Amino acid sequence: MFPPIPNPTLPPPEPKFGEKDIMRRSASNVTPPAERLTEVAKLIDVTKCIGCKACQAACLEWNNLTEEVGFNHGVYENPMDLTPDTFTLMRFTEWVNPETENLEWLIRKDGCMHCEDPGCLKACPSPGAIVQYSNGIVDFQHENCIGCGYCIKGCPFDIPRISKVDHTAYKCTLCSDRVAVGQGPACQKACPTQAIVFGTKDEMKDWADFRIKDLKSRGFENAGLYDPQGVGGTHVMYVLHHADKPSIYAGLPDNPRISPIVETWKGVTKYLGLAVMGFAAAAGALHYFVAGPNKVTEEDEENAEKLTEGKAPPPPADPTQSQGHAP
Amino acid sequence: MTNSWTDIKNTDLVIIMGGNAAEAHPCGFKWVTEAKANRGAKLIVVDPRYNRSAAVADFYAPIRQGSDIAFLLGVINQCIQNDKVQWDYVKAFTNATYLVKDGFAYSDGLFTGYDESKRDYNRDEWEYQIGEDGYVLTDDTLTNPRCVWNLLKQHVAVYTPEMVERICGTPKDKFLKVAQMMGECSAPDKVMTSMYALGWTQHSKGAQNIRCMAMIQLILGNVGMRGGGVNALRGHSNIQGLTDIGLMSNLIPGYLNIPTDKETDFATYMSTRAFKPLRPNQMSYWQNYKKFFVSFMKSMYGPAATPENDWAYDYLPKLDVSGYDVLRAFEMMKQGKMNLYFCQGFNPLQAFPNKAKLAEALGKLKLLVIMDPLETETARFWEDHGVFNKADPSAVKTEVIQLPTTCFAEDEGALVNSGRWLQWHWAAGTPPGEAKHDAWIMAQIHLRLKELYRTEGGTFPDPIVNLNWPYADPGEPTPEELAKEMNGSALVDVFDPNDPTKKVLEAGKQLSGFGQMRDDGTTAGGCWIFSGSWTEAGNMMARRDNSDPGDTGAFLKWSFAWPANRRILYNRASCDLDGKPWDSSRKLIEWDGAKWSGYDVPDIAPTANPRDVGPFIMNPEGSGRLFVRKMMRDGPFPAHYEPFESPVANVVAPKVRGNPVARVFPDDWKQFADIGDPAFPYAGTSYRLTEHFHYWTKNNHVNAVLQPEQFVEISEELAKEKGITLGGWVRVWSKRGEIYAKAVVTKRIKPMTIDGKTVHIVGVPIHWGFVGAARKGFPANVLTPFVGDANIETPEFKAFMVNIEPSTGPVA
Amino acid sequence: MTLHDPVAGVAPADVETGDAVHPGPPVTVDRYTLGARINHWITAISLVLLALSGLALFTPSLFFLTGLFGGGQMTRILHPWIGVVLFCSFAILFVRFFKANLPAREDVTWVAHSADLLAGREEKMPEVGKYNAGQKGVFWAMSALILILIASGIVMWDQYFFDLTTIEQKRIAILVHSITAVVIICVWIVHVYAAIWVKGTIGAMTRGRVTGGWAWRHHRKWLRELVRRPGAPAE
Amino acid sequence: MNMELSRRAFLRTSGAGLAGTTLGAMGFGEAEAATAAYIKPFHLANTTETRNTCTYCSVACGIIIYSKGDLKKGEKAEIVHIEGDADHPTNRGTLCPKGAALRDIVHSAQRLQYPMLRKAGSDSFERISWDVALDKIARAMKDDRDANFIAKNADGTTVNRWLSTGFLAASATTNETAFATYKVVRSTGMLAFDNQARV
């Protein structure tokens, strides 16, 4: 058994991290803290998960979220997708293993992966709406969120959701308020089978190794850890029985990375765009400076008068004529 | 549970059959995952559905609901055929060697002595051969054809793997794999645990389902072992406690019995309860029956219980039938023989079978009293909810009083968990509105009733006006007062029976355990098995030391476990005949030549010599019973019987319908579908979902979010056959009623071939009703038949026949 | 109200409603009606506001511009609605102006001589109608870009249209929107610069009139057509 | 639009895209000064902890109830959160989906608040006082018991049973409540007495 985290003390201690530990801040340049906090991680062992949704209940309770009572749609998922009030969701897949022809019921707890290189943060236009603490937690600051939904486009895992009520983005906070006082996330605390464990990222990797060995001994040759390097690794990791094909787990991306389109948009487009606009403006200015204004001359006015008075004005310019002959 | 939740971590093999621990007991199931992670234990799930326990199992085998006995007797057959038997254990600790009377036999699905008109057996021949010394005759060589082992061998021979496949629909190779995995645990250092729940009990032969597993565990030598045992996963937080305290028709606290009409006086009553050992030197708690009974009566009636009036024996009601269980109560109600009915935290309109019958019965009451923290359908059975609850309030004359009670968070006291731990809890919140504690309500009713009898007189007021009510505030006994009363105390100074000068207890002091109880009226104690829970040392149930020496999972200093703080029942059986552990790595207790000691409280007298006293001290044999004598109404061995509603006739006994001795009321027979009735071709079963708890959590918004709306589960094959779409509406109906639900079409349910016939399964979760935060729906009991287990009347909720069709949904 | 010029046999669309010459001195020419001017300025203001709010969301270094709109949330709310205003306003503008902006023969020559124009050698340019090829280019570029912006903008407008497209489509839309926005801002810079550089132009969109000299110098063909028209002073 | 922009002014304006600081100096700075990041305060601060046991299944998970106000001090206590007790040997702080949502069953919209009576033939409940309710119950019990109590059976044996009234006991009440219930019910001679062990 992974040692349980002791009950919280009351009154709780001061938060152990905060503003000073911000490593990345959306739409801002920050100087990363000189010393990085120990990286934390939540490990979700899909092979131990019984799909009981205790994590969902605990998340709703701890975060005081009120989700709507929905409908049954012929499956066990409820709600059917993440919402601004459902930060975490059990996703169920009935998969027949082609090798053994046995049915496997794959149950994955979906939610924010707390990427080391968070696409949401990269996409976010609003300074300080998304922060990443040096322990790896990616947190949304709703006071700064403008509700543009860019984080949704930035996220390789389709996680953030915009609230129809306050029009800001919501997702799992990894219970930063709990972690800050030495507790684990609410979902981890509740998980009956300890399919969710929480600790330092190194501890979690060790624990995953222990679990993977057990799974291999039970015939799951491809058991492994899901800590995708395309996003620099994540602070929520999975142990999968079939780590060679993550996508069978309700579409867990095989090789997640921030979309190249988002990279282009937030990278080259941003800089090139500013440059082009700046260049255009500068070119105009330069031209004006060099060529001077294009002014109407007295002669032009006279010609116009002649024309209106019916006097012979200069004939229309003939484009076929050679240049250099003033009319 | 013979063992405890935390003990499951010590096992090598978990078999979940007749239950769905991952869904119904997730936090207990944790210890299965611990066993897997730490010991490399394997998990087998045998169930009609590939459920959430199966999702994390090492092996899954399908089985048709209601055929478990055939499967399990098939396993026993395999163990015998392949010599997967813990022989030392079986010979020493079970009745395998005992000789059975020559008159006992079994043929065509019936045991000796069947009387069809009474639907009952004359069980006289279901007994051991007794020698001249008064003890059972045995044959240690197991060669005598009348020894239990040979009778068993003969009894299970018909349950071949082919027969199992034919009855259960379990593919032969899967059955054999399960039997082989289980058989391996016959090694002394390999232990299996069984986790079951209502999937086994809610059948017309539920008790025999469990007996099968108990027999297997005895054959494998797993009872009393760490990580072994037969573990009933109780469904409610204190249903163990309520049963312990005897809140049943036929019980007195601590599993003592309410007398029957035939027991006309106390002496007659005690005569059948005198413990007579069937083996030399055998000991038992039941030797102390009178001490427990008298102490209870002193607690109940105080000074009014005297030696002269046989401790107020006549104050107790006498039973004329085996019991007034709930099915009988509602049958009586329907017949207009019941006028008042109380439901304390109970929602019978949803919880008992055949909702239409229940509603009709409730409508014949004069007064229905509901005490509940929550709205229930029962309290509003008269209210019209369209298709969900058709009713005409003006036609229902029943008066209903609904009393608001506190919930767990607002009261104090102890609950008994499945592992028999009595855990104390404290109140944390102010009750809403005018909600009151149940104990206050009961006290108020009692005081008012007593006052009426006192002032008006009336029929036999004695037990009411003389009820011992010694509480500081008679209007509201405190949990502490009641807990102390159940533990028991000395009423006067108590002296050592062997040395009358030696005072062992001072008047007014709490007993330290049931060993201090007396049969002379000098001690009182409400519930002997709880004795030791609140002693002079204080409230043992509130202990919170979670140290676990030896990492055994015993936690002896955490709360209190009955009896006598013992954590694993029959733990004496974890040692061989010399008192040495069968498996030294699983040491629990040990005989050091003079006494027993170890990590658990020994389940035997501390100085009982292992060669003299058998480990199963609740039985007069001292041994575990493979042959259960006449203790059960439907046979000393389990035999396969089909459910009362079944897709096929009984393959091993075609003439027998259902359990031949299960009680069926005449009107209910008419509401059973015939065997193989083409109008009801699909095998229905009901069950819980992990997101909900019975009919309570539909009142909880969060749980309503997690599973908002009623559904039924069917296979892709059946859906295709009937044109049912995923998430579409279906109508499901039985001979008793119809429900509308969404369809969950799944690969997790497969059609089965039963006796050559394709049988589809329709799964019906139970949690919906017409009040609450979740969407309105139908309780599963709309569909289920009104029949119970032959021994204990647990309704047959798990196997019934239905039909299904696509629908456009309920029209309210 | 006719845009037809039955006399000259030139492209009849070249003269728009309300265009007229008033003999001088000084000669003045009515170039834009009040309606056209209002239409233009609504479009122009919208475009500027869109550029400012868009840029605020486009790059963090300009996020401060959200201050102009009452904060980030308001910027996010307003931007698409201003976009709708722009689109509608421009659509009317388009109907108003598109005929005069249809390509003409002299446009090719004009383009060929555009270097002369920039170098101040206006005299080398062909006589053009109401709009020169550069103006027409701006017009058509604006039309096309606004169409792309509104289309991609709707894909990005999560508050109302989130469910209509996939996230990948939204990502493409957002990239297209950004690039298009950059381009349209550049076109806008050209347009504004041209108006500033060519003195006397801005009056066309403020007062609705230009001087005869201005018309003679920059849109001589147009001026001739106006003069030639029935009821025109020279006839 | 100022048509006669000076060259300098033009330069400055058109450069706005690059020279944000200028506008910043014009009072737009506030948008930039976004709220500093902070961690939400741990909302169990200033609550009272109470050890309790989950009310649902018989795993009997240890829970800690956090309330505003302390009953032990005679205060009104409002339950604000419920969480698993990490010290508990069985559940080690974990809870199932029912247990994890316990707070919302305590505060369920369907919690009963007052004694209610539904009269014969009525289509609704009406509120009554505890005294009225309890007196009515006691009276009904006495009347029915006096009328239907069976003191002796056909054989003349004393049986002292009362069969026309039944009692279903709860499954989640405490042992102590159960014992009080047992005493009161059994003392009347009632036999149709049962609990939820089977369902």
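Order as written gives the chain letters A, B, C and D; numbering starts at 1 within each chain.
Throughout what follows, a residue touches a chain if its C-beta (ideal position, glycine included) is under 8 Å from a C-beta of that chain, and two chains touch if they have at least 3 such contacts.
Computed from a predicted model, the values in this text were never measured in an experiment.
Of all chains shown, D has the CA centroid lying nearest to the centroid of every protein CA atom. Most remote from subunit C, judged by the distance between CA-atom centroids, is B.
Ranked by number of C-beta pairs in contact, the top chain pair is B-D. With centres taken as mean Cα positions, subunit D sits 65 Å from subunit C.
Centroids of subunit A and subunit C (each the mean of its C-alpha atoms) stand 38 Å apart. One inter-chain figure worth recording: subunit A and subunit D are separated by 36 Å, centre to centre, where each centre is the mean of the chain's CA atoms. Subunit B and subunit D have Cα centroids separated by 28 Å. Among the residues of subunit A, those touching two or more other chains are numbered 1, 52-54, 56-57, 60-61, 126-127, 129, 144, 192-194, 274, 277, 281, 284, 288.
Residue numbers of subunit C whose C-beta contacts span two or more other chains: 61, 63, 66, 71-72, 189, 196. Multi-chain contact residues of subunit B (touching two or more other chains) are listed as 26-27, 30, 690-691, 701-703, 706, 773. Contact residues on subunit D toward subunit B in their complex (touch as defined above): 48, 50-62, 65, 67, 69, 71, 76-79, 82, 87-92, 94-102, 104-106, 108-123, 125, 128, 130, 133-142, 144-146, 148-149, 151, 153, 155, 157-199. Interface of subunit C with subunit A (complex): residues 21, 23-27, 29, 56-61, 63, 66, 71-73, 75-77, 106, 109, 113, 116, 118-120, 122-127, 156, 158-159, 162, 167-168, 170-172, 174-175, 178-179, 181-182, 185-186, 189-190, 193, 196-200, 211-217, 220-221, 223-224, 227, 233-234. Looking at the complex, you find that subunit B touches subunit A at residues 22-23, 26-27, 29-30, 33-34, 36-38, 40, 50, 52-56, 58, 60, 690-691, 701-711, 725-728, 742-748, 773-775.
For subunit A in complex with subunit B, the touching residues are 1, 47-54, 56-57, 60-61, 66-76, 78-79, 94, 96, 102-105, 107, 192-195, 210-211, 214, 217-218.
Interface of subunit A with subunit C (complex): residues 26-28, 125-127, 129, 144-150, 152-153, 158, 162, 167, 259, 261-262, 264-265, 269-270, 272-274, 276-277, 280-281, 284, 287-288, 291-305, 307-310, 313, 316-317, 319, 323-324, 326-327.
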